[in-house]
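What follows is chain A paired twice: with chain B in the first complex and chain C in the second.
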Partner chain A sequence: MTEALPSNSTVAIVERARGEIRRQKRFQTILFVVVAAAAYLAAGYIGEVSLGTLAEGFFGVFTYIYDTAPTLHWATLGEDLASWYWGIERWLLELWKTVLIAFLGTVFGAAGAFFLCFLASANLAPNRIVAFLCRRFLELSRTVPEIVFALIFVFAFQPGPPAGVIAIAIHSMGALGKLFSEVNENIDKGPLEGLRATGSNWYEEIRFGVVPQVLPNFASYTLLRFEINIRAAAIIGIVGAGGIGQELMIAIKQFHREDQSAIVLMIILCVILIDEVGRRIRHRFIGDDMPSRG
Partner chain B sequence: MTPDAIAGYKARYPAAFGPTRRQRAYRIAGAIAFVAFTIYAFIALDFTWERMWNGLDRLGFVFRFMFPPSSGGYFWEYVHALGETIAMALLGTSCASVVALFVGFLAARNVNTSMLGYFAVRRTLDVIRSIDTLIWGLIFVRVVGLGPFAGVLAIFVSDVGTLSKLYGEAIEAADRRQQEGIRATGANRPEELRYGILPQVFPVFLSNSLYFLESNTRSATILGVVGAGGIGFHLADRIRLNAWDEVCLIIILILIAVSAIDWISRAIRLSLIGEGRAGQAAGRFSSVDFIRGEMSRARA
Partner chain C sequence: MLTLEGLTKDFAMTRAVDSVSLTIAPGELVGVIGRSGAGKSTLLRMINRLIDPSSGKIDFVGEDVTALKGKALHAWRARCAMIFQQFNLVPRLDVMTNVLSGRFHQRPTMRNLLGLFSEEDRAAAIRALDRLDMAPFCLQRAGSLSGGQQQRVAIARAMVQNPAMLLADEPIASLDPRNAKRVMDALKTIHEDGVTVICNLHTLDTARAYCTRIVGMAQGRVVFDGPAAELTAAAAREIYAGGDEEDQAVFEEGLTSLSVTADPEPAAKAS
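Entry: the complex of A and B
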């Protein structure tokens, strides 16, 4: 049937073009599959993955959960719970300290970010070199993971909460500094020009032209960060930087299996609680899950 | 303007003349409470002058010894560990994406119509998500032993929690009419989902998964701290040994790897789903890409 069509008919041209596109696409697909397969094989080889261990790992989780689960009997439920949570007072105190670590970390992180963000935003920085340096500095402090900072500070400041506070503060400073300067870059220029016309200096421009505009956004980002930091504070203890994580690490190192499940459960409950509270607060203040940019 | 007129305006628009006495009192009280709480926190967390002073001293020592960075002859070992890190992120994210593709449908209210089933899935995902990747790493190190495989599993499990939730939300936000159209042709349930919903949500899935690949590379770098493979293991080890020049090199390597993955993933995202759709897919979170990463990891 195709022979009946002249080679320059519309149908033939379209068919040829379609064939061309399909060939191209097929080539792309094959290329993609080959590259992906190679990447996965390499990754599987490097990652020491095998199907046997995969299954083992999968079922291992359940064994682990079973091992760490406490033995509760219905008849003696109260006593069993009490012996499972024998350390509840200490753990609650550690949990509270975790919140305090997050609080101080957030306060100092936000303060640092606040001072640097005006220097780091393209439209407000006194000159380009300052902006560049500030931005790189903020970038460095947020790209290095908290845990790495914590490891270093645990060496410097001895194991304990201060190391965690400083690590979280530096990381928060980097993260919030970026967000803050993005807010700054989206401000309304009107007030700034008005202030300039009155002959105010750089500080006055920032104080009266920028800060009133950006403060609500800064506040909501800081609240959000506080939430993130509580989580971070809970795990940063794993390297010895205080808080509930440190208790968990001790329980794991000393094979107190029931303690592990008790503490993990506490962390889960705490995180869910904070999620809920955080969402309510945010809904009340902003009416949306995320503050919008500018 | 006469003083009378000013007084009149003052009475009518008190807010225009600065805070009232009452507001000022509230503000001062708030500030005092804040400062007091901060001081309490300092005391409760064992901040002492001595500790800070000695700490800064030691920190100066650390920085002096960090430069110049050196490999200590282990350069290729570090590069291998870095490869291991990326492999962990790739495998963990991919496997989690495949699983989440199915679980995501179960976590969507418009697909999983059984109320009990929906809530069971959602709550389970909440619990999985509220445990940090690092803690999963700790658990899996106990289960399968030290090594990158524990890290793969940790990333896999915590990502199943987060990605399923995100996928489920995307499915819930999908346009119903396409699904109805497919149903009108006499399609059965799986076909409805395959042709009515999947084409709508796939770009979102892809963009999320790629984004998670990026952020997982970051978390994979630290999983080694708990023994779950990757460069973090060497990092923690060198810090313990006080080999600060090597620590510095490892941190630099991590920074390079993370930004390389960021760049590659962005390129793939753009080429696969196109600029417009990538933006659309990420649009719900566009407020700031960065916080999105951190938040979706933790709570989504």
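Entry: the complex of A and C
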């Protein structure tokens, strides 16, 4: 035990303040845990999620996957694979279309996000109203699921890839715009201030002060979005926006279970491929900035 | 002629600058000294309007700087160049582009955004860098340079603005003595070329060695204003120790020293 401190000593004052802060923090922590637990239970109750149903369904998943698996025998492997992938040529073509839909949608979406993200960042927007409107617009673009946009555009134009491209572009713009604007909010303000002091205007500050700082992050988010969009493009094919999704839909509707597994496996392999390529591109982008550990 | 009248800046809890009135004649090299937190930085930032004053007026040759907006404000900042303690270059851009940004205001925005710079602008940038022995680093990324080198790039950027005035906010506070001397010598050369220089320093001896006039600040107020020769030990104590008797007792000028002194003759260009 230390001897009693005079109540007005510096140590005592600091200790008292520290105790005060800790008490407040502890109260906040407890409150947070209680609220989080209540929300968790309420979510389960309202969503009608019970552990029993989950457990039942859990095995159902495996049964389904097992049912879609092809019958392969070692002796006749070549023939079995050929018959499993009987539609390989058409599927590859459709998969390629899906990749193109995802690619175009990502490019348009990223371009839109790029132009809006600076207006949506709290630290860069010319004023609060512009930032507010921009953020709401991006929100609207991303809260409506791609599949809903796809349905609208399939109806408005006609079934086919253009509807898919626009649907994906709008959703990507909303999602990337939010991420980009948050990257912008984390920049180092020094370079920006340096430019402002030269008499640069807003556009010049953004172009030379912000863009060089944020570009690597923008690139990695865009590549991630491309991967996500391949999956999305496959799904919106189901409502007639072209690509591999249409094939998958036919296989599901007609109970061609082996076709389902064949197509899903192709999509997975495709995403893995894109992931690897994307990683290489991204490293090229930021490579010279990586701290060396030599 | 730059005139400050009752310039004041309030932040949430504190008054950073407290009704400062100064008149600075063209061609002066003014050193603003004082402890950290004395309001030196805030004062400089208000002069080129990076922050807005809470009250008071800034007047430059009959023009009310405090009222400027939009294009006129950008034009004022371009005429009143600034360098910073942390250099504030864009680390990912090359040295050349960083310096060229000093020309942005004189050129069409679209050409700037597309990165189309004329040979003339590039030549001006290279000459400015060459004066500071930085030409060999032109195409390197600014972030790869040492602090002293970055500060010289920042000075080159300020010089291609062809400013009437140069504000230097603690330009040598992050530098070693040797680099500090190079930077101060560069400021002296710029001053000799006829540019008004206002320089925040927290070392007394540097101010004595380089400045034609010294302004001492304590707690947001100007407590000393005069030529370096008039800055007595008592005045220095007032600036650095304020009203605190205990601080005054232990104050020694050596505490603020960085051992940077000027050459006896006008700073010759290093070769």
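Operating definition for what follows: the second predicted complex is superposed on the first by the 156 of 294 C-alpha atoms of A that agree within 3 Å, B and C clash if a C-alpha of one lies under 4 Å from a C-alpha of the other, contacts with A are read in each partner's own complex, and residues count from 1 in each chain.
One rule holds in what follows: a contact is a pair of C-beta atoms (placed from the backbone, for glycine too) under 8 Å apart; a residue touches a chain by one contact, two chains touch by 3 or more.
Worth saying up front: this structure is predicted, and the values here are computed from it rather than measured.
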item	value
Partner chain(s) touched by A:Gly177 [first = chain B, second = chain C, both, neither]	neither
Which of chain B and chain C A:Glu193 touches, first, second, both or neither	second
Which of chain B and chain C A:Ile101 touches, first, second, both or neither	first
Partner chain in contact with A:Gly237 - chain B first, chain C second, else both or neither	neither
Partner chain(s) touched by A:Glu204 [first = chain B, second = chain C, both, neither]	second
Which superposed partner A:Gly112 touches (first chain B, second chain C, both, neither)	neither
Partner touching more residues of chain A, whether chain B or chain C	B
Chain C-facing residues of chain A, complex	190-191, 193-201, 203-204, 207-209, 212-213, 289
Of all residues in chain A, those that touch chain B in their complex	39-40, 42-44, 46-49, 53, 56-57, 60-61, 63-64, 97, 100-101, 103-104, 107, 140, 142-145, 147-148, 151-153, 155-158, 160-162, 165, 175, 178-179, 182, 221, 224, 227-228, 231, 234-235, 238-239, 242, 248-249, 252, 264, 267-268, 271-272, 275, 290-293
Chain A-touching residues of chain C, taken from the complex the two chains share	48, 50, 74-79, 81-82, 84, 86-93, 97, 101-102, 104-105, 109, 112-113, 154, 157-158, 161
Residues of chain B touching chain A in the complex	37-38, 41-42, 44-47, 51-52, 54-56, 58-59, 62, 80, 83-84, 86-88, 90-91, 94, 126-127, 130-132, 134-135, 138-140, 142-144, 147-153, 157, 218-219, 221-222, 225-226, 229, 232, 235-236, 239, 242, 247, 251, 254-255, 258-259, 285-288, 290-292, 294-295, 298-299
